Every structure is written in structure tokens, then in C-alpha cells.
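Chain naming follows the written order as A, B, C, D and E, and within any one chain the residues start at number 1.
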Amino acid sequence: MDHILSVLVFFPAIAGLLGFVVSKESIRAYGISVAAIEFLLSLWLWFSFDGNYPGMQFVEMLPLIPAFGISYYLGVDGISLFIVVLSTFITLIGLIALSIEKDIKNMIISLLFLEMTMVGVFVSLDAILFYVFWELSLVPMLYIIGAWGGELRIYAAIKFFLYTFAGSLIMLVGMLVMAYLYHQATGVWSFAITEWHRLILPMNYQIWLFIAFFIGLAIKVPMFPFHTWLPYAHGQAPTIGSVILAAVLLKMGTYGLVRLPLPMFPDASVYMIYPVAVLSLIMIIYTAMVAYAQKDMKQVVAYSSISHMGVIVLGTFAMNPEGIAGSVFFMLSHGVVSGALFMLVGVIYDRRHTKLMSEFGGLAKVMPHYATIMGIMVMASVGLPLTMSFVGEFLSLAGFYQISHTMTILAGTSIILGAVYMLSLYKKSFFGEVVHEKNKNLKDLDGKESMALWTLVLITVWLGVYPKPVLEPINTSVESLVSFMHKKAITKEAREVIKPTVIKREAE
Amino acid sequence: MLEPISVSMESLNLGTLAPMLVAIVGALGILVIDLIKKDLDKTLYVMLSVLILFVDLGVVLGQTVGQRGFFDVMLIDGLAILSQIIILAASMLFIPLALTSKRFHEYSYPEFFALFLFMVAGFQFMVASDNLILIFVGLETASLALYTLIALHNREKSFEAAVKYFVMGALAAGFYAMGAMIFYALTGSVELYKIAEVLAADNFANMTILLVGVVFMIASLGFKLSMVPFHTWTPDVYEGASAALAGYMSVVPKIAGFVVAMRVFEFLIHSDVVWVRDILYAAVVITMTLANIIALVQKDVKRMLAFSSISHAGFVMAAIMIGTTQANSALFLYWILFLFTNLGAFAMLWVSRHKASIWHERFDHPYEKFSGMIKIMPVGAVVMALFMLSLAGVPPFSLFWGKLYIMSAAVNSDYIVLALIMAINSAISAYYYLKLIVYMFLKDPAENDGTVYMKNASKPLQTIIGFSVVLTVFAVLAVNPMMEFITSYVQASGF
Amino acid sequence: MFEAIAFYLFSAITIAMFAITVLSKNALYSMSALAAGMVMISGFFFLLDADFLGVVQIIVYTGAVMALYAFGMMFFDTTRDVKEEIRAPKLVFLLSGLSALLLVIALVAPIVSDHITALYPMTEGVENPQAVGIVLFTKYLVPFEVAAVMLLVAMIAGIVLAGKKMDESLTLKVEEEFQEKGAK
Amino acid sequence: METYLYIALFAPLVGSLFAALFANRPKNIVTGIATSTLLFVAWISSVVLLMHVMHGEEVHVKLMDWIHAGGLYIPFGFVVDQVTATMMFVVTTVSTVVHIYSMGYMDHDRSFNRFFAWLSAFVFSMMVLVMSDNFAGLFIGWEGVGLCSWALIGFWYERESASWAANEAFIMNRIADLGMLIGIFLVYWNFGSLQYDEVFAQVADKDHTLLIMVTAFLFIGAMGKSAQFPLHTWLADAMEGPTPVSALIHAATMVTAGVYLVIRANPLYSAVPEVSYFVACLGAFVALFAASMALVNRDLKRIIAYSTLSQLGYMFVAAGLGAYWIALFHLMTHAFFKALLFLGAGNVMHAMDDELDIFKMGGLAKKMKWTMILMTLASLALAGIYPFAGFFSKDKILEAAFATDHYVLWTILWITAGLTAFYSFRLVMLVFFGEERYKIFGFHPHEAYKFMLWAMAPLAVLAVIAGFFEHSFMHMVSYVLPIEEYHVASGTFWTLVVVTLGIAASGIAVAVFKYSKGGFSKKWEETFIYKLLFNQYYIPKIYDEYICKPYAELSRIFWKDMDLKVVDATVDFIATTIYKSGMASRVVQSGNLSNMLRWMGVGLLILLLAAIFYSPVR
Amino acid sequence: MITLSHYLILSAILFCIGLIGVYRRKNLLLLLFSTEILLNAVNIGFAAVSKFYGDLTGQMFAFFIIAIAASEVAVGLGLMIVWYKRRGTLDLDSMQSMHG
């Protein structure tokens, strides 16, 4: 199947368009079926993917604006493959667990469009195409937050949109400069990322371009101090919105970091390691502390998300296969875990219409099943070994340890501080006596909720115990990426810092 | 005594004049038809106008680049052809907006259509000459017709709009005349190519006086192009005019103005008169930014669109300032894309136009009018949102590609700061476009009657909207051929 | 010498007349002064060997335009003193005074150029109107025709705008039959 | 043998998962029986393995790959050598006993099934911890036991104190785990592998500073799990959990993981005497420090908890002095008698309706004869009286300290031995003998189920006889651990034995004598020393005041004053500024034509000014 | 000797007088007078340049400017008439319904 990527990208969009015809009563089933088909398609992609080949696979190339070097250029490698699968998977799970009744049709159609943009971002190999999907993803998300959100939903939605939009426009300028420089060097216009990777730039160009790209991506990640849109977006968004936002949309930022600035500007990336690491550290520690101060369960999870994204960024800037592969893996695990956590908060919100921890307490008694899953996910979020998060967090930190010992120790506090806020969340809402009258008769998870959540639990544990099927393709691509960066780097420092794998694993 | 003058017909190159003649003759024809039989329906005139414009367009397309005619008064270069195509296409698309289901005053006049065609002819003259006299006369012909068309909407606000536009236009005409006079005093010529030659030969000796002349030119063209601070008429005139005409005004007079501005300023910029570039730079930045921030606080969608069109014009002026072939081509690309998006947006406003002011005592299209539209009329809301997103520059909708090209042109000429300013302005502008989307999608409806948004709709109007939706969404497919077409023409005329 | 005297005299009168035009409270004075100024300007034209222009100036301006204005004034009933609330008059004089100053500064310097060639030179012995006629109907035929169109436009505009049909606005009419008739 | 290994490893997991299926159901005795049976199976496998490795064999298996990224390759590999086998034996023994015991102890608990699920899960984690052949695997178990400990301390989650203690334990452990993690990173980046064998093989080539760092960071991890100062406070609070849990986790197994780590990493530690010496010193300090707190405490379980802490100190001294096998030996004997002690305490608590204040007890010997006997046995072992197990191991430690010329350490440990004997018997006396104070408070004590007592019997037996296996034990572990022969003159040796026994006996004597007469006078309670000890040197309070509260406050400040008022407000400020400037700029748009014309004039003027005064170089 | 500059300066001064009127006048009719002054001022300049360069183009331009001025008057008067019919005044201050 040569065009599986195109099918993956446009299938949900076409299904979304056709969805206008489907009657309101059946739209949920329609949405789930579409998402399921899409998910199966992505699984097919996975199984037909050659894990030992580090380069781009299933490449599709169609000139779109040849005069300007813009083309419809798709492809996946180990880095993007699983994020694509994650996107389709989370959409499916989110749709299964969807509990919204109001304007359900619009919701499902927007979700399907959102799915298109998410998949699109991760499979685009043309910078402009990447940008198109990147920006387009804002629109359905704006609608989802703004139409089904809480009280401040419009504020939150606009903030989300404008903030990211502004950042990405700066990135766009960076892309244009990049294209110009490419043109200068080769005489040909091209926006193909793979082509850009080949361009070796002088240091000062690299740094400025790095900054331009970084700002755009950092806002999406969101890096401190550009993170303040996120708590609002999460706080106001409906459950499904938060799930997708945390699980997939944020990954666009970190994925972008791996795909764009790192291989494009290896020297600048190395040069900027410390500033970026400092920001990440602030992100990790500061937001973890802020998370502890929250009164709202969802805000805790939201800030925890930021904190974990800090580790991902840190891992990315480790400049060695361990760190980068770890951070890519952490993206996946964070997707699953934070998605699950948001879903769990949504469960209780559906029942009580409040997310304040002070309103709860003793939930473990009334909703033991729920408490169990929450417990597992809390532990996964904390990064317990044999959950997915541990693999990612461990590798990210291990990778960055090579860059800076002190900083890794500081970043490592995330495992402590994470435990602090997560456990206090768990304690406040699940332990203790049932104080509030309303909580005494809460229903435990129903069928669709437990189905969705147990799936996530299973994946969390499965990939925590046996990450190999995912980690190996990632590693293959990342190793080639790092050795490519090493080869490409022009400054001595960068060559020293970027460490391709030298220690070969023992023969199996 | 005087030698007898013999002029051969070939040397006149009458073909260069043909397109305008078509429009003028057509307009006269309409007047004649009206004389012969009164009370013919507006549909006849609309379709006649479209046909005349079609013929006109056909003639324009038949022209070849690089001709001069009529003692070199006419200049048919790439710019002239391109801009005439845009002008005619826009006119053909906007004039059917007269086919509303409700009756409006202006369309009861056959003269409306005659004036419209005269106006088109005026714009065509403006762009198809580098003689300051002809440009001036063409400009005035078009402007006078336009003032009248605005006033013909026949309500107090439209008179107010027409008067404001007219008076300021008169002042701008004075500026233009003064500027032309100074150019003439400097070079003894009123033909731009000649002016350029003489100035270059003098090595720009009389710089100060030249700059004073340029100042007046900037002021008068700035008025046409609504550059800050000569822009103050724009929002008021858009508000007072009918939505259809406002949309037209946001596109056609501007492209004519751009072409003139290109002709006037480009040779200066290319001769490294840094002053012009610096001043234009400042003007571009101020125009973009100021219009954007005022647009933020508007309560009426049409007025917001007026400010947005100022901002877009500022954006595009940057292309003139940059002055490379890529930039000039980008200008045309941008404007074509802008044409379709704006056509759609204003048509949507036009379609939802009510006679009675049921939403707001002053505004026809306050934001509140559109609240909750998605629930009442989902298709309309989605379509409107598409236009807004396109205007905001969200990819892959049409204007994004225009912005991309212009920003790229800026980057390629080392105006990276300018590109960043453009980016930031795009981000600011997103807010007010988004505001409408927020009203349409995120708020609860104030009215439950879905037809309320389609009171003025008719099949032709819906067709036009559909047409612009298609072009807005699938613009990406059209960009490459369009760009190649434009670039070839721009290059051929040496810009 | 004669030229200088005439120049300064005409200049003084023109400036005075125009100043009255823009400053006078009485509309009638204003208009009369304008007409007088226009006549003076035609004097400049004669002085500058532009006889044809001088004639046109008198006929068109002092004849047609001023007549129109006079008619307008009667129509608008502005023969009396006009009440104008002029805000920030100092700003007005600052703006225009400064502009004037700057213009004068710029224009005082003589124009130096060796490359000016008269495209349509005034030939000795050819009367000005004749020369003008030749240029106008050759080189400037197109602008001339366009000017005709422009005048036509202006005429139509004037007629339409001032016409009776404008008194009742269809735009503002919201009668039921309108909407029914207009409905698809 | 591999089969046995896997059985030993996974039987508890299977039991746990089985019990977890019923976790939210009402009590079902089957879960208890099933998990206990499976553990018994695991015990048998462990014994088989122990027998197998007794003579120098080793079982090494690789289950599957775990993590492979870049140069980092971590398999799920398991190794059973002599140390591991010992640990497995200890773990399975104690846990089997505790499981059986718990069926009685948790008889009336609502969450009976859940309890067994977690308990078995703990055993599984512990098995992973001890059996893993690499640091990462160790870390899995390390965290796993932490998780189970958290769940079991907070088992009765309705109690605020229980869930608080659970979180405290988890977070404290996490602090230490960070150290451990860093240690692991250091190992990886410098040794290129995390496999024990590969790492230890390279020790000789490595830089000394590096080794110091590695061992130091790893030891930080050990300090957390083994509740060494200053991360010790959680252990006493962990007594909020059900008593079998305290017996299994917080006495016999998990807390000794730190010691196990040091023993396991002995090639590293032997290479850096500085760190080892520090370990020993810290151990000695904690031994005394904890014992001193145990002296005055009134809480039955806390006293035992402090004693555990103190004994862990002993083990670290041994490990720090390079006497790894002695540390391991003491670990084993301690596991038996301390678990016994806790289970006995469990019986008492049951009898006293979960009352823990020993001053509300007394004279229980009459009602609970067997419990009294078992606890006294355990206390004797703890006090180090011949011929009980504690005597052999503790004596060895003292001997090692003395033989290596660490007289200060020896003195501390010697004093501690006395204190240990004192508080042990203070407890026994106050609980079982003397005035029957419980009557005042209206308790009706009764002896525990028979099978619970029988379940404790193996531990009692081991507590008595384990010491006699000293030599065979030493022989066995000598395959993996360095055995240092301490050459102490025979006379000195016997003197040491006598002196040690003497102080232990006198400690017992003082306790028996004093408390049979009603204890010390109330005046003691007014003294500074008493208050200091009673309040645990005010350390919990210091932590609360200077760490927890500032942290909470700082978090609040970060959120309210920083995030909302600075970072977010800046963003909003930019937005509102732009918006407001839009509002302000509207003056341009006054709508008055005159003004509009003047704006044009302004524009013209500005341009003219620019034309005349601004002339950039052309 | 009267040079070109004299005429140009005169032209500029007259232009600025026109500007005064444009900026100052509130009555629409009188405002239109001022715009006439602007154009006339420019015409002098054109005629002068024409004379000094001996070139007829300037006179042509001036001629067209006169035509333009005339047309403007026609349209302007038409607009004034409709406005006056509606509002009964020509004061600019009565014309502020649109602002902001």
C-alpha cells in the first residue's frame, strides 16, 4: 500500500465531512467506528513498518507548489511512527469514553478533523505542510475548548489559539529564512525537511534560526515561561479536549524539536543546551511545586503535564541516543498516562460537576474500581518502574546525565516532587473518610469508562514491562539521527557533545 | 510655421485602448437602453454588465505585453494586464451581488451600472499608463463614479460616507497634482519612464525637491491605498457603503493604487533612494499595526473588515517597498487571494443584511448578530469561519499563501525584522477574526430563526459565496499556476 | 521689469483673495474673493504665455464653476454668515504654516538639470492656442477623451444625486410587499 | 533450576494478581489460602535453590530484554547466588509466615482480599529486588517494594494518619531513590553497563573519585530504604500499617534492602574505604540514636520499629567495615526474631483492640501465655543473649568493629547493645507483667487464634537456632562475599563476648527490676533528655516546620504570586496593552471630517519634515 | 528677474492657503472652495514650469486639472444637495454618525 499515509491523514477528514449526513443518534457509533478503522490503519502501518531501517518509510512526494519548493511530502520513521499510532489510539479511546451529550455531532466531527491534523503533523516531511497541519490543529481545538468548556472557556480557547498562533508565526519566519538559505546554497527552492537537514549553516545563522524555531515549538510544549495558556486550556476544556491536548497536541512541540531544530542546527542546539536545560529545569521543578499548590484535580494533572514535558525536552537535548530515544518514548508514555489521568478526572467531574479536591475524600471506598485505576495511573505518572513512564523518564534523565550531572540531579527531583503532588492529590481525594453526603452514592466506573481506562492501564504496564517493540524502531531512527548530527556538526564542542552510540550492545 | 502632422494608425496602436473602450461603450449602451425603455429589471443590467466585463476581460487577455500606444500615453505591460485582469475579475464577481432578494436603492438606477462600468474603465486607464496626466484623469473618473455609487445606497450613512470620501479625495487630488507638478518641474516631463531617465541622468541632483514631490505622491497614493494617517476614511466609508460595494472597494481601487504606486516608487527604490524605502518601511509597519490594533476594538464586523483591509493593504505595501520581482509577484498573488476571500466575507455580510436595524441602532453587522450561528445555520457559520481563518492567515486557506510569499520575499531581501513584524501583526489580527468565530461557534444564539442570516440571499449570491469558498479552501492547488502566470508578467514588465 | 511688477502685484492680490476665501466668515465674500482670485490666476497664465489656459480658466472657473457655486449657495441658503465652530485654529495654522515653510525651503533652491528636454516645445511664431490644440489632439487625445468621460460621469452623478428619485429611499423601505416580491 | 527460580519469582505475583481479582469484593478466605500456598511454593523453591547454591553453584537467567536504547542495554536478568539465595530464603520464610498469620489477623477486615494482593505483590517486588542481576532490575524491585509499602502502610486509608504516613514513606524513599538513580546513571556512563558482573569486573580500572561518587549515590538510595538518618522518620510512622505488614516489610525484608544493596555492591564499596567508613559511622550513629528513642517511647510498635532501625545500624556498621557476610548474617537473624516480635505485638494489639500504648497494658501474660513466650524469646534474641540467634550475629559485628580497631564504633555498639536489652525488656515487662492496667481502660484481652501462634512457631525456632548455622553460612556466602578473618586473640575474644553479654544482661536486669516495681518515677518525664527522646529529637517537627510547611508555602507563592501574578499576568498584560492601545488609537477615528482632513495634513507635514531633515545616505 | 522658483514658491504658498481652508473650514461648500484653491495653485506652477522649459506639457496638465476641478464641483454639489435635503445643514460637525 503506497499511499497509506495519505489515507491515514485524510480518512478522518473525509469521514468528518460525511459525518454531517449521519443522524445525531448514530453519530457516536459512527465516530467510534471511524476512529477504530483509523486506528487499525495505523496499526497496519506499524506492522508493515521496517523497524531496522532508520530512514523515512512510506514516503509520498507530490509537488504542490513546485516553483517555491513546497510539496506534499509524507513519510514516517521510528520517531514519528508511534506518535501517529498514539494519536489514532487516543482519539479512539477518547471517543469511546466520550460522555458529552450536547451537540455531540459537532463534537465528533471536530474530533475527526483534529485527528487529521494530528496525524498530518507527525507524518509531514515538508515544512510548510507541517506548518499547515500544525496551525490547522488549533481550529478544532479552539472549538472543542470554547464550546464545551467550563466557565472561562472562551478566554481559555482564545488564549490557547493566539498564543500558539503567535509562536508558530515566528517559526514560520524561521522556515522562510531556512528556505532562503537553502536556496542560496543550492539554487533550488525546497521546504522538504529532509533536504534542510543536509544544509550546513554557519553558527550565527544557526543560533538565530534555532531561536525562531524554538519559540514556536516551546509555546506548544509548553516551556516555561510560555506555559500559562495550558492550565487555562486544561482547566476549561472538556475531558476529551484535555485528553487530546495533553496526549497528542503537546507532543507536537517536542516532536518538532526532534524533527526540526536538532538535526537542522546541531551546533546551535549544542550551544543552546544550557539555556534550554535551565528553562526545562524551571519547568520541572517550578511547575511541580505549582501543581502541589493546586486545589483542583485537573489543574494538578495539567501542571504535572508541564513538569513532565520538561523532562522530555531535557531528554531531547541530551544529544545522545539514550536521551532522545527516551524522550520520544516518554512522549508516548506521557500521552497515555496523562491522557488517562485527564480521563479519570473527567469521570469524577461527570458525576459531581466539580474537580475540587476538597469536595472529595474517601473515594477509594465508594469507587474502589475507579480508585484502583487512578492509583495505577498516579503511580505511572510518578514514574514507577514497569510502567511506561519509567522507561521514558529513566532514559531521558540518563541521557541528559552525560551533559550535566548537577542539572540531572535537579531534574531528577521531578521524581520526588511528582510523588509529592500526585500522592497528595490521591490522598486528598481518595483516602480518608467520605465526608460529603453527595459522595456517598457515587457510581463506580461504567462499562465504556472502564473499557477505555483498562486499555490504557494495560498499555501502560505492557510497554513498561516490554517496551522493546516500540523502543527498538525509535532507537534505530534516533541512533541514525544522532550519528547524522554528529557528522554534520561543524563546531568542535558540538562534535564532542553529540554522542552517537559507541558502546554496542552485547550480541543477543 | 507648423509642419502638418501625419499619424499612421499602426503607430497609434489602437488595440491598447480597446479594453477601456469596451467598458465605456458598454456603459453608454446601458444608458441608451435606459433611454429607449424605462423600468427594465436590474437583472438585465447586471447580466449586461457582466457580459461587457467579460468581453473586456477577453480583450485584455488578448493583449501582448510590452506595447505602447497613442503617442506612448498608453502602456500595456505585464502589470497593466495583470491588474486589469484582477480588476475585471473582481468587478465581474462583485456586480452580481446586486442580485439580492431584497431591493436596494442603487440597483433601481440603470445609471448605477453605467457608472460602474465607467469606473472600471477609469481604473483600467489608471493602470495602463505611465503618464501622470492619464493616471490622474483615470483616477478621478473612477473616484467620482465611486463616490456616486456609494451615495446611491441612499441612506444617511452612505451620504456621509460619500461626502467624507469625496472631500478627502479632493484633498488627495490636490496632493497628487502638486506632486506631479514638482516631478514636472524637476524633469520637464510627466511620463514616469522619462522622469526616471532624467533623474538618473542628473544623478538625483535635486534630491530635496524630488523628495518633496515624492512626499506628495505618497500622500495622495497613500490616501487611495489607505495608508496611515491617510486612511481615516476607510472604515467610515465601508460602514456607510453597502457591503457589496465595500467589498469591492477593498479590492479594486487598491490594486489600481498599487500598480500606480509601483510605477511611481519602484524606480526610486531601484535607484537606491534610501529615503523612499525607509519612509515606506515606516508607513508599512505603522499601517499594519495601527489598523490591526484599532480593529481589535471594533464592534461591527464590517468595520472590523475595513480595518483589516487597511492592515492587509499595509502588508502588501511592504512588497512595493521590498521591490524585488518576487515581492511584486507576491503582491499580485496576495491580492488575487485576498479578492476571493474578501469577496466571500463581504458577500456573507451582504447576504445577511437586514433593512431594519434589529441588532444595533448603528451597525448592520455587529458581532452579536452572529452569536451562536453554528447552531442555527451551521453551513453559513462554517463558511464565514473559513473566510475569517483565511484572512487571519491560517493555513491552508488562501491568504496564508499570500502571506507566505510576501514574508518570504521580505526574508529573501534581508528584511527579516519586517517579516517578524508581519508575523506578529498576523498574530494580533487573528484575535479579531477569531472574535467572530468565537461569537459564531462558542456563544449561544440570540435568535432562533435560521433564515435570519439569509434574508438577502438569492441563488446567484449563494453561488458566488460557494465559488469563493472553493477558492479559499483549495487555494493551494491554484497557487503554483497563478504564481507562474504572475511572475512571467511581472518579469516581462521589468519589475 | 514689467513681468516682475505684474508678478508681485498679481501674487499679492491672489494671496489676499485666497486668504479672504479661506478665512472670511461671510460666504458671499468668500465666494467673491475666490472668483477674483481665479481671475488673477488667469492673469498669471497670460503672463506665462499660456493664453489658452488663461481663457479656459476664466470661462470654466469664473464662468461655469462659480455659477454652480453661486447656485449652490442660494440653494443651501449660505448667503448669510456661516457659523463654524473652528476647533484648535492654532493647529490649523501650525500645520499649514509649517508645510508652507518647508515647501518654500525646499523650493528656494534652483533646479539644476542639464537633461531637461522639452518634449513639446513652444515654437516661435505659433500661437499658443494653436500649439495647445495640436498637442491636445495628438499626444493627449486619450486623456482628453477620458476627461470627457469623466465629465459625463460627473454629469450623470450630479443628475442622479440631485434627482427626485433620491428623495424616497428604497434601501430603507421595509414594506411587506417588498420582501414577498423579493423572496425567491 | 531455572524453573525453581521462576517459580520462586512469579508465584507471589500470581498470588497477588489472583487476590487482586477479588480486591473489591467482600472477604474471601480463598485469597488468603491461595496466596499463602503460592508463597509456600515459592519458599520451597527458594529452599531448593538455596541447597543448590550452597556449594558454589550459581543460577543466572535472562528472561527477556527490557530497555535498549543507544548504548544502554538492560535485560530482565536474574541471578541466584549465595547472597540472593539467603535473601530469598529470608523473604519467603518470613512472608509465608506472615501470610498465614495474616489470615487470622485480618480476619475481620473489610479489605481482606486487597491486603493479600498487596502483600504478595510486595513479596514479588522483593524477589525482583534481590534476584535481579543488574542495577536497573534492582531499581524495579526497589520501587516496587516502595509502592507496596505505600499501599500497605496506607492500607487503612480512612485514617488520615495512615495515608499521611504512607505518603511520607513513599516520598522519603523517593528522595533516596533519586540518589540511587543518579548512582545508576553514573554507573552506566562510566562502566557502560548496569550488569553487576560487568560493572564489578571493571572496578579496578576506575578512577577513585568516580567510585566514591558511585558508592555515595548508591548509598543515598540505601539510606532511604533502610531508613537511615536523616531519612529515618518514615519508618516509625509506617507503623500505621497493619502489624503483619510491619513485620514483613518494615522489619524483616524491605528495610534491609539498603543493606542488601551495600552487600551486593561490595566490590564497589570495598574499593572505597572512605565511603565504607562513612557507612559504618552512620550505622553506628543510627544504632545508638534509634535505640535512644526506643528507650522512652510508649508505643508498642514504634519501640520495635526503633529497634529495627537500630539493628539496621548494626548491619551497616558491619557492611561498612567490610564484613559483608556478617551484615548479611545479622540481616537474616534479625529478620526472624524481629518478625516474630512484630507478630507477637500484633497478637497483643488484637487482644487490646488496636491499643498501642504500653502503659495501658500490663499483666497480659496471664491471658496470652504463648504470645508472651514467643515475644520474650524474640526479645532475648534481639538483646543478643546466648544462645539465641541475635547473639551470634551481633557479637560478630562487635567483634569485627573491635578487630578492625574501630574502638569508637565498638563502644557505641556496645552501649547500644545494653540499651537494646533494656528497652526490649521494658516492653516485655510493661506489656506482659506487672499491674493489669488494661482493666482500667476496659479492655478484654484474649489470646490469638491457634493457627496464628503455630504460624509464628517457625520463626521462633529460627530465632533460637539460626545462630548455630553461622559457620555453614559463612562458608556458603564466601563464594561471593569476601570473608575477612579477624584475628583477635582468643582471650580478647572471650572478654569481648563476656563484656557484651554482660551489658545485655544488665540491660535486661535493669528493665526487669525497674518495671516489676512500677517503672521509673514521673520525674524523669520532666527532664530535657526525656523530652528530647520522646519527641524523637524534634526531628519530625523540624522536618514539618522547615521543609513541609515552607514547601507548601513556596508552592502557593509560586502559584498565586508567580505563575498567576507574574508569568500569566505578563502575557495578559501584553494582550490588554495591545487592546488598550487599540482603544486609545481610536481617537484617530473620530469620525469628524475636519479632523480626518487634519490627520492627512499631519501626515503630509511629517513626510515633509522627513523629506527635508531626514536624509539617509543614498 | 522672476525665476521659476518665484512661481513655484508662489504656487506653494497658495497651496498652503488652500490647505488652511481645507483644515479649517467646517462648511462643506466653503471647504470645496478651498480644494479649488489647491488645484489652482498647482496650475500656476505647471504654467510656470511650462514657460521656463518651453514645454507645452505643463499647460496640458493644467488644462486637465481644470477639467477635473469642474467635474469635482459637479459631483460635490450633487452630494451636497442630497446631504442638505436630508439634514438641512452643511456643517461637518453634523456628520459624525460613524466613528471609532
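Basically, a contact is a pair of C-beta atoms (placed from the backbone, for glycine too) under 8 Å apart; a residue touches a chain by one contact, two chains touch by 3 or more.
Everything numeric here is computed off the predicted structure, so don't read it as measured data.
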Contacts common to chain A and chain C (chain labels): B, D
Chains linked by the largest number of contacting C-beta pairs: C-E
Per Cα centroids, the chain farthest from chain B: D
Most distant chain from chain E, judged by the mean position of its C-alpha atoms: D
Gap in Å, rounded to a whole number, between the CA centres of chain C and chain B: 27
Computed distance of Cα centres, chain E from chain D, in Å: 95
For chain A paired with chain D, centre-to-centre distance based on mean C-alpha positions, whole Å: 36
Geometric centre distance via CA averages, chain D-chain B, whole Å: 78
Per-residue multi-chain contacts in chain C, two or more chains: 91-92, 95-96, 99, 102-103, 106-107, 109, 111, 116, 118-119, 139-140, 143, 147, 150, 153-154, 157, 160-161, 166
Shared interface positions of chain E, touching two or more other chains: 4, 8, 15, 18-19, 22-23, 25-26, 32, 53, 55, 57, 60, 64, 67-68, 71-72, 75, 78-80, 82, 93, 95, 97-100
Residue list for chain A, restricted to those that touch at least two other chains: 162
Which pairs of chains touch, using the document's own definition: A-B, A-D, B-C, B-D, B-E, C-D, C-E, D-E
Residues of chain C that touch chain B when the two form their complex: 102-103, 106-107, 109, 111-119, 123, 125-126, 130, 134, 138-143, 146-147, 149-150, 152-154, 156-157, 160-161, 165-166, 169-174, 178-179, 181-184
For the chain A and chain B complex, residues of the former touching the latter: 63-68, 103, 106, 128, 131-132, 135-136, 138-139, 142-143, 146-147, 153-154, 157-158, 161-162, 165-166, 169-170, 172-173, 176-177, 179-180, 183
Residues of chain D that touch chain C when the two form their complex: 594, 598, 601-602, 604-605, 608-609, 611-612
For the chain E and chain C complex, residues of the former touching the latter: 1-10, 12-21, 23-27, 29-30, 32-34, 36-37, 40, 43-44, 47-48, 50-51, 53-57, 59-60, 62-64, 66-75, 77-82, 84-85, 90-91, 93
Chain D residues touching chain B - in the complex, by the definition given at the top: 578-579, 581-583, 585-586, 588-589, 591, 593, 595-597, 599-600, 602-604, 607-608, 610-612, 614-618
